[in-house]
Amino acid sequence: MNDPKLKNREKSVWFSVLFDFHRTKTLKRLLVSMLLVGAYAFVVDYIESEMLHIDFRPPSYVYSMLGIVLGILLVFRTNTAYDRWWEGRKLLSKLGYNWKNVALKLNAFLPANDQENRKYFAAMIANHSYSLKESLRNGVKKHELVEAEPGMLDNLDKIYHVPNYFAAGICNRFNELYKRGVITDMQFLELSKHIDDASEVVSSCERIHTSPIPFSYAIHLKKFLFAFVLILPFGFIHDLGYWCILIVMLIFYAMVGLDVIGEEIEDPFGQDENDLPFDAICKSLKKSVNEILIQPTVNEFVKA
Amino acid sequence: MNDPKLKNREKSVWFSVLFDFHRTKTLKRLLVSMLLVGAYAFVVDYIESEMLHIDFRPPSYVYSMLGIVLGILLVFRTNTAYDRWWEGRKLLSKLGYNWKNVALKLNAFLPANDQENRKYFAAMIANHSYSLKESLRNGVKKHELVEAEPGMLDNLDKIYHVPNYFAAGICNRFNELYKRGVITDMQFLELSKHIDDASEVVSSCERIHTSPIPFSYAIHLKKFLFAFVLILPFGFIHDLGYWCILIVMLIFYAMVGLDVIGEEIEDPFGQDENDLPFDAICKSLKKSVNEILIQPTVNEFVKA
Amino acid sequence: MNDPKLKNREKSVWFSVLFDFHRTKTLKRLLVSMLLVGAYAFVVDYIESEMLHIDFRPPSYVYSMLGIVLGILLVFRTNTAYDRWWEGRKLLSKLGYNWKNVALKLNAFLPANDQENRKYFAAMIANHSYSLKESLRNGVKKHELVEAEPGMLDNLDKIYHVPNYFAAGICNRFNELYKRGVITDMQFLELSKHIDDASEVVSSCERIHTSPIPFSYAIHLKKFLFAFVLILPFGFIHDLGYWCILIVMLIFYAMVGLDVIGEEIEDPFGQDENDLPFDAICKSLKKSVNEILIQPTVNEFVKA
Amino acid sequence: MNDPKLKNREKSVWFSVLFDFHRTKTLKRLLVSMLLVGAYAFVVDYIESEMLHIDFRPPSYVYSMLGIVLGILLVFRTNTAYDRWWEGRKLLSKLGYNWKNVALKLNAFLPANDQENRKYFAAMIANHSYSLKESLRNGVKKHELVEAEPGMLDNLDKIYHVPNYFAAGICNRFNELYKRGVITDMQFLELSKHIDDASEVVSSCERIHTSPIPFSYAIHLKKFLFAFVLILPFGFIHDLGYWCILIVMLIFYAMVGLDVIGEEIEDPFGQDENDLPFDAICKSLKKSVNEILIQPTVNEFVKA
Amino acid sequence: MNDPKLKNREKSVWFSVLFDFHRTKTLKRLLVSMLLVGAYAFVVDYIESEMLHIDFRPPSYVYSMLGIVLGILLVFRTNTAYDRWWEGRKLLSKLGYNWKNVALKLNAFLPANDQENRKYFAAMIANHSYSLKESLRNGVKKHELVEAEPGMLDNLDKIYHVPNYFAAGICNRFNELYKRGVITDMQFLELSKHIDDASEVVSSCERIHTSPIPFSYAIHLKKFLFAFVLILPFGFIHDLGYWCILIVMLIFYAMVGLDVIGEEIEDPFGQDENDLPFDAICKSLKKSVNEILIQPTVNEFVKA
């Protein structure tokens, strides 16, 4: 689902995966910055060795100490972002099994020939997932939604919060069924808690989407990293000469790459390469719910 | 919501974000301390190199070892603070979806024309959130509250715990509706658990607000850091001369900055730049709950 | 609540908090040990430089490596202790909102004039919290308890587990009310789960109180630290002379301080400076519950 | 269950476990890569010392710093994978006790002579576990399943999601029993929540199976590691001569081994040596459920 | 409960705890290995300095880097083990409060004079805990169990899973009481969930007991450590001479000790010094449950 490359664990040479050159996104994004840093290192190098000979050569442990502390900070920052990515993955998983459970229960609770309600719920559940996906990407894609009732999608752009709109529709229909005696109070209780869980998923996804890591934390890390890169060439010149440009660029790439990856994965609901397969999850959920609630073939099996 | 800058990930040069000079709050707060530290380094430097030549030059691994251990401590301290910030964010999210669920259920349970109860609950839910916000900021802002019943806000300054006061009002109204048979026992059960969750949110927010990191932990960290800075210049003088002032100030800034950020984000309910958007969350909740419970346009959609 | 000093974040100079000399508890506790270590360093120094010249001078990376590994171990150990402290804080918070919820519900369920039951529950809830506090401090303070029924406190010293005794009283009273039809089965269900939560809090607090970190872990850490301090002076003598005593004492203080803080905060229910404000929490809970259940003024507000 | 070797803690010599040479899977998988790295080190060595004498000798702290940061990254990566492995283990445990609880309850709820339903549920529960196991290994093993009803397994290859198919069967049968009055509504409520838990387990296992660590994270780590190994020999040549090949291979093995182990354990549902004993768990569950629901001997004990 | 020594925090000298020589279990277990390592260091030393002078002297940063990475790995490994130990402690705590809650509820639900059922449940709850303890130690101790019904313990050796056997007995008795109308459906619901929780505790304990850390992780760590110790003496000889033996043994002890402690505490249900006080917990539970359900003196208090 995410990447078949990573699963190819039988390759006899460990580092063969590195030579898929089309997969160097992080590299591309950092290219300009890396060239600037390389140019800076060259200038420092040139001035220092050819023109004036400043007495600025911090002892090695300054680099060692600052570099390791910085590295630990970056590892923690990346892991914080990874935690959000993983929580996002868990939430999408919960979205799926929560609505599948609703479908399983409705299939058991509703009469087999109540096609109206079955179709209604199948449509609304799919609508809820699709609209959540687009609301996290700041929009609505009307063509992904199903008109569960006539006119339902007409005024969609006036709705403040579209996923809640569909949840409210499902909630009201549950209540109607309960009042009309189609479902008992135990069944109603069972169904209600799934609405709560769906709301929790929606809110939690929005929380991850709207709350990046605290600004002062992120900016301090960037400043620290920047200052570290600024003083880096001074320590290498006397040992390495112009080779120092290479080493400075390598260290820059290794460390800033972690920061960039942290930014990429901390909001996992977009459409980047590392983002979660939200479209596929919605599609699969829609298919499953339709199979359970509507398609006769499946019902035959299940009821057999 | 938090900061559009951080989201601007398409910038071609990674470090361009650093040159927004108006965003250097941490720097400003540490300026005086940094100047003092710089002055101290200068004095040590001057005395050492110009006047008396003390034989105090700790070997480099002392700095390396202490610096790395200190760095790890600081990273952990910052992450502990971040955990509280993130838990605070989760709690506000829970506050929101919890009350929205109550509104969804009440909308389904109450008769469409029971405007009295609908208005009452919409007002009380908003009151609960706003009063929680201000109680975490040590006060009450009466103009943010709605008078759900005549005289309700008159004696507010005599109430020991204002959010509990509104929760009690909601709880009693649920019980009345139950006793009068407006809602069934299953519906009552459904509603009751949301009161519990609201109480949990209130208590947890108060816990984060009133419990900073254990004092001896925080103070030991500060002492360690201070002692480290005190012996720092002695290791650089012979290598760096007066350049050492710069390096000492950089290390001081990098490390103490982490401590300061930890303090800033461990209580996330204030009004600092890094604090959570509590006002916006309250406003959005009030709007949503009003739409669900009162406004006819939304009800039309939902009931359509 | 914990310490106003820590909250004073507006101070212009970061390290001003360090000069509150009356707050150096950790320092005091370690004073004798530090002096012994200093004396040891002096003796090693003296023998080495004045009398015999042993060829024992481990290379610097031995210190660097051992020191950093030791530091990481100590940071983890401190954080393990901090986790218990924080879990303890959460439990006390849960104790509070759990009983407050019970009070809110009883206020809604019981007739307004049923002063007998209201007083009984208000007293029993307070008794439960206070007796938990003292049972974690290995005792009972009879004067903190209220006699909810005549003779209830007479044989308290024969009771094996006092908080359970009060919980059993509350549990039985709930069941009586249910059997007499004062509360419905839904209400009974609502109340019962709070008894479970209270039991969980009691057991979890006892777990934290009686289970320090595994002995072999703690003792290995101490041995490692001790061995490290023993070989520490040999690495400094040739570089530092008698200044080495100062550095050895500093490193000893920085590292052992972490171990001592870990021990201090891992059992947070005592009466040390870093322990949780259990007395204040009990007092506040008693006040809140009384306001909700008994005092007419509050009932007036709530029922208004 | 996993490995008796690891449990043999009474061995007098700690490292005796290392000499079970048949257990060197990681070594084997990395052999080719290690030889390539060794050859590379030899070439660098030869060119450098025999032919041209490049002035490329990065100072030692570059290696130290990069190596430690890399090590920390690898440790975190391994622990992330371990967390998935452990979560997978918890899920299988939950699968087991969830279905055992269903069996215990059905045994209590169903009449002792209702062999039809008892057999049906015993078969379906076993089917659910076995089909989950194979669906995580991308297939179905029909011979492991029991035909709970005639024709049930005939069209298995047309079913989109086999574990859901069996869960739906169980769910429907619960509902039938409830409608026919065999079980009360409380009993039905009790049973329903176990269906939810089973769905959660299925979805969570699928989540772990289909979501490896974000690609950019994994690939950055590999690139960093690769670059580090590339520059590694240059630092050793002058100190070590051809011995450097050995050290380079050792460092490569130690670090890449962590990456490889991370990949091995992050999807724990396969049939590798480190994977979870899923087959044994299914077998044990089937046996337990059969004993509880069907076998007269056990029922005799339990009913005695 | 665990160790009074650790609690003795008032001792004026921090390291006095180290001189309880009877408490050096880890030391004893590692003695043979340490002597072997010492002998190895001596042999390397002797050959190197007296006979042939190999040019194998890895630069210091190799040791520093490998040592720190190894140390971090070991710290993580120990903490993983500690997490299991602590989870085990939580589970035993949950076992206790779960059954105590059952006892509290049964005491409220059952008529005061229903000695038969009271004795039955008190016996079965104790049996469940004791049999869980022994099943985690691979056996049954019949003399610890009570014969709640005649013949109940006769065929114990034919039972596949003894704790489940007792849980099934309790579960069936609950159901009988419910069918006979002794307890209402709400009370039955309350009791049922405790059976689920008991099953969860049993399964979770078994999970911890049967799943050590993944084999490839553990073995890689051991290999890494072993290789590190093998090359360790070469770095010291020139600096330290025969003193190097001491340092090698110290580093070996410090690092391997962490691995050994990890193995000791990752399965906390045995009878080692570091294992959990399972016997005491069972005894205390039995006593509490008996007091609540049977002994007249306690009932008098509680019913007073």
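Each chain carries a letter (A, B, C, D and E) given by its place in the written order, and its residues are counted from 1.
Going forward, a residue touches a chain if its C-beta (ideal position, glycine included) is under 8 Å from a C-beta of that chain, and two chains touch if they have at least 3 such contacts.
From a predicted model like this one, the values you see are computed outputs, not experimental measurements.
Student: Which chains sit in contact with both members of the pair chain A and chain E?
Tutor: Both-contact set = D.
Student: Averaged over CA atoms, how far is the centre of chain A from the centre of chain D? Could you give it in whole Å?
Tutor: Their C-alpha centroids are separated by 23 Å.
Student: Which whole number of Å gives the spacing of the CA centres of chain A and chain C?
Tutor: That gives a centre separation of 38 Å.
Student: Where in chain E do residues touch two or more other chains at once?
Tutor: 60-61, 64, 68, 72, 185-186, 189, 264
Student: Is the way these chains touch best called a line, a ring, a star, complete, or other?
Tutor: ring
Student: How would you write out the ring, from chain A onward through chain D?
Tutor: Traced from chain A through chain D, the chains around the ring are A, D, E, C, B.
Student: Under the stated contact criterion, what part of chain B meets chain C in this complex?
Tutor: Interface residues on the chain B side: 29-30, 32-33, 36, 55-62, 64-66, 68-69, 72-73, 76, 80, 149, 151-152, 155, 158-161, 164-165, 167-169, 171-172, 174-175, 185-186, 188-189, 192, 195-196, 199-200, 202-204, 206-207, 210-220, 222-224, 226-227, 231, 256, 259-260, 263-264, 267.
Student: Quick one: in the complex, what on chain D touches chain E?
Tutor: The touching residues are 1-3, 5-7, 9, 12-15, 17-18, 23, 25-26, 60-61, 63-64, 67-68, 71-72, 74-75, 78-79, 82, 85, 89-90, 93-94, 96-97, 100-101, 104-105, 107-109, 184-186, 189-190, 235-236, 239-241, 243, 247, 250-251, 254-255, 257-258, 261, 264-265, 273-274, 276, 287-288, 291-292, 297-298, 301-304.
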